[in-house]
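First the structure, then my questions, so here it is.
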Amino acid sequence: MADVQETQLKNQEATFAFGKKERKLLSDPLNDNNPVTVQVLGICSALAVTTLVYPSLVMAVAVVFVCAFANLAISLMRNIIPGQVRLIVQLVVIATLVTVVELALKALSYDVYKQLSVFIGLIITNCIIMGRLEAFAMANKPWQSFLDGIGNGLGYGLILIAVAFFREIFGKGTLFAGSPAELKIIGNTSEYLLNTEATWWLGWYANNGLMVLPAAAMFLIGIFIWIQRSYNTKLVDIS
Amino acid sequence: MGSAFNVFLEAAFIENLVLAYFLGMCSYLAVSKSVKTAIGLGAAVIFVLGITMPINWLLNKFLLEPGTNIFGGMLGQEMDLTFLRFILFIAIIASMVQLVEMIIEKYSPSLYISLGIFLPLITVNCAILGGSLFMVSRDYNLVESVAFGLGGGFGWFLAIVAIAAIREKMLYSDVPPALRGLGMAFILTGLMGIAFMSLMGIDPAALANGGK
Amino acid sequence: MSNSKVILFVLTMTTVVALLLSLMYSGLKDIHDRNEAIYNKKEIFQAVDPTANDMDADKIESIFDQSVKQYVLNYDGDVIEGERADKLKLDKEKKKDAKVRKYPLYVYQEGGKTLYIVTLRGSGLWDDIWGSFALKDDFRSLAGASFGHKGETPGLGAEIKDNASWKAQFKNNKKIFDDVKNQYLSVRKGGARDEIMEVDGIAGATITCDGVTDMIEDGLGPYFRHFEKLKNGKTGQLLNK
């Protein structure tokens, strides 16, 4: 389905235009061609961080960055990359960008760096990035590839943050915990977890322990897919 | 040896790479439509994990870690090259996958055809790279890292074969159209994750000591 | 494309990438080291002052420079000369046998008050957990505690680090060890029944809380031996009262 659109783009002029097609490059991955719920890519590396919104947000930004610049770099080099070592070259580009992200994060926000630990590295194996390089950047001009990277990164980040939003609010009762803008939403977040006399006036909501388990992320994505496909029936049963 | 066995059990059952950390989900969802291909891919993952872990362990220790790498010895001072870890690991994994691909192509063409494009995808199977990164962050020794690789691979194998079997049966169930296929696979994985959670309180070390 | 061209391409790319990353790494190394040191110091100092996490970097550094002395103890409780506690890698130490392990001790002195901060390390549900306990100069009464973890579940096990009211239990009349009953402080699931020797557990985090109990029971020996020597004046560390 994406192929048609990609071959069309191949014939386009190399400008920094921002017309309808470019807009579509950004908006398509958000719904009709969402990398997670439709293309089933990239679920692996980052769902384990979706227990909280803040790290997910950082993760999403990192993926957008890596995806966009990897696409750009590969697209710039697309005519000189030798076919035999194509995959390795792509992996090295991605790994380099991820290392850049890791080094930058370690300098900017050590707390978040600690929290994300090995999952930053796992952006390398995020199939979205690899998939976009292979399917798009190898055949398209730099500017379009860059936009495609941003679009797919955003589509992925959207799901990531949506999952994290539900998991954090129902699992921990907070939003943006760990960031300077931490909000306490429901439940008596800081008081009730102890087993002593529950502070009843705030304790009307007990945090749902299920939401912090990995399984909850799977249920949530399953439900997102259900909702999306109920509205967007052309997507039903494509995989 | 005891600790290696614990690491194996923990990696295979308690901290299952798929069900507890979501690693290797892409190929897990894409190749779990029939049990036969699932077994093939699962076996390939066990093999690649089992072989890349010790190699990455040795390279990490002797090329990257400050204090133990050979460059430091040559220059007479500590040198921290750990920032090259991602690139080194992924390069090793990519070449190992290439190797497995060639072996399978030679000895089992039918398996090679049925695994199709998913074999190169093992390279971007997060379980493989994740295994190596966990090994570093948990500071395993060489034997433990082999055990972790084999255990993690076995756990991944179990998970994909189980979901493939369930999905084969699901064909006969009346699932809402919008939920059919992918959506249901996610929910099933969640349920399996919960089932595996019940193993979580088990402390392998205490079991080895005859219960604490 | 010929093989020599492929090799040339790969070599060029590797060189560019390696150069770029090494430049970035060496450029940022000082910031990384400082961030890490400050992160660790904040974590330890939270045992004394729960607001330590919000302090700015300079303040926490000046506190450690001026009011905190660092010691490294061996299993027998003797001070190992010439070592600094913040240079210890506690995750590596935990893997060693208790007899050859090194133990960090921070002594905080401010306005005539002396607090001894011991840092213990144990195992939670997923991975390592650790805690710093500030002891008053009777070496038994707690003045505060802080915890950290490598990978506990947010909302459950991770609450040992995040939950202020859980951490607030480790002070006032709580004692880490009772010499008469020969009993360590422990975490009780379902609410503490002993005002002095027990704290409330965190709901849904039984294994992590048991990890805290075990950590306290297993790790204090060398410190108590050191404190014993301190009382009898047989140590390199000076007892300021």
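By written order: A, B and C. Residues from 1 in each chain.
Note that contacts are C-beta pairs under 8 Å (C-beta built on N, C-alpha and C of every residue); 3 or more make two chains touch, one makes a residue touch a chain.
Since the model is a prediction, treat every value here as computed from it, not as a measurement.
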Name the chain pair with more contacting C-beta pairs, choosing from A-C and A-B.
A-B
If you take the mean of the Cα atoms for each chain, which one ends up farthest from subunit B?
C
Averaging only over C-alpha atoms, locate the centres of subunit A and subunit C and give their separation in whole Å.
34
List the centre-to-centre spacing of subunit A and subunit B in whole Å, with centres computed as mean CA coordinates.
22
Contacts with two or more other chains occur in subunit A at residues 88, 92, 96, 99, 103, 117, 213
Which subunit C residues reach two or more other chains?
17, 21, 25, 150
So which bits of subunit B are touching at least two other chains?
83-84, 87, 137
State the interface residues of subunit A toward subunit B in the complex, per the touch definition above.
37, 40-48, 87-88, 91-92, 94-96, 98-99, 102-103, 117-118, 121-122, 124-127, 130, 213-219, 221-223, 225-230, 233, 236-239
Contacting residues of subunit C [partner subunit A, same complex]
1, 5-6, 9-10, 13-14, 17, 20-21, 24-25, 28, 31-32, 35-36, 38-39, 150-151, 153-156, 159, 162-166, 169, 189-192, 200-204
Under the stated contact criterion, what part of subunit A meets subunit C in this complex?
51-52, 80-85, 88-89, 92, 96, 99-100, 103-104, 106-107, 110-111, 114, 117, 168, 171-172, 177, 190-191, 193-196, 207, 209, 211-213
Touching subunit B in the complex: which residues of subunit C?
17-18, 21-22, 25, 91-92, 95, 125-127, 150, 207
Residue set of subunit B touching subunit C in the complex reads 15, 83-84, 87, 137-139, 200-201
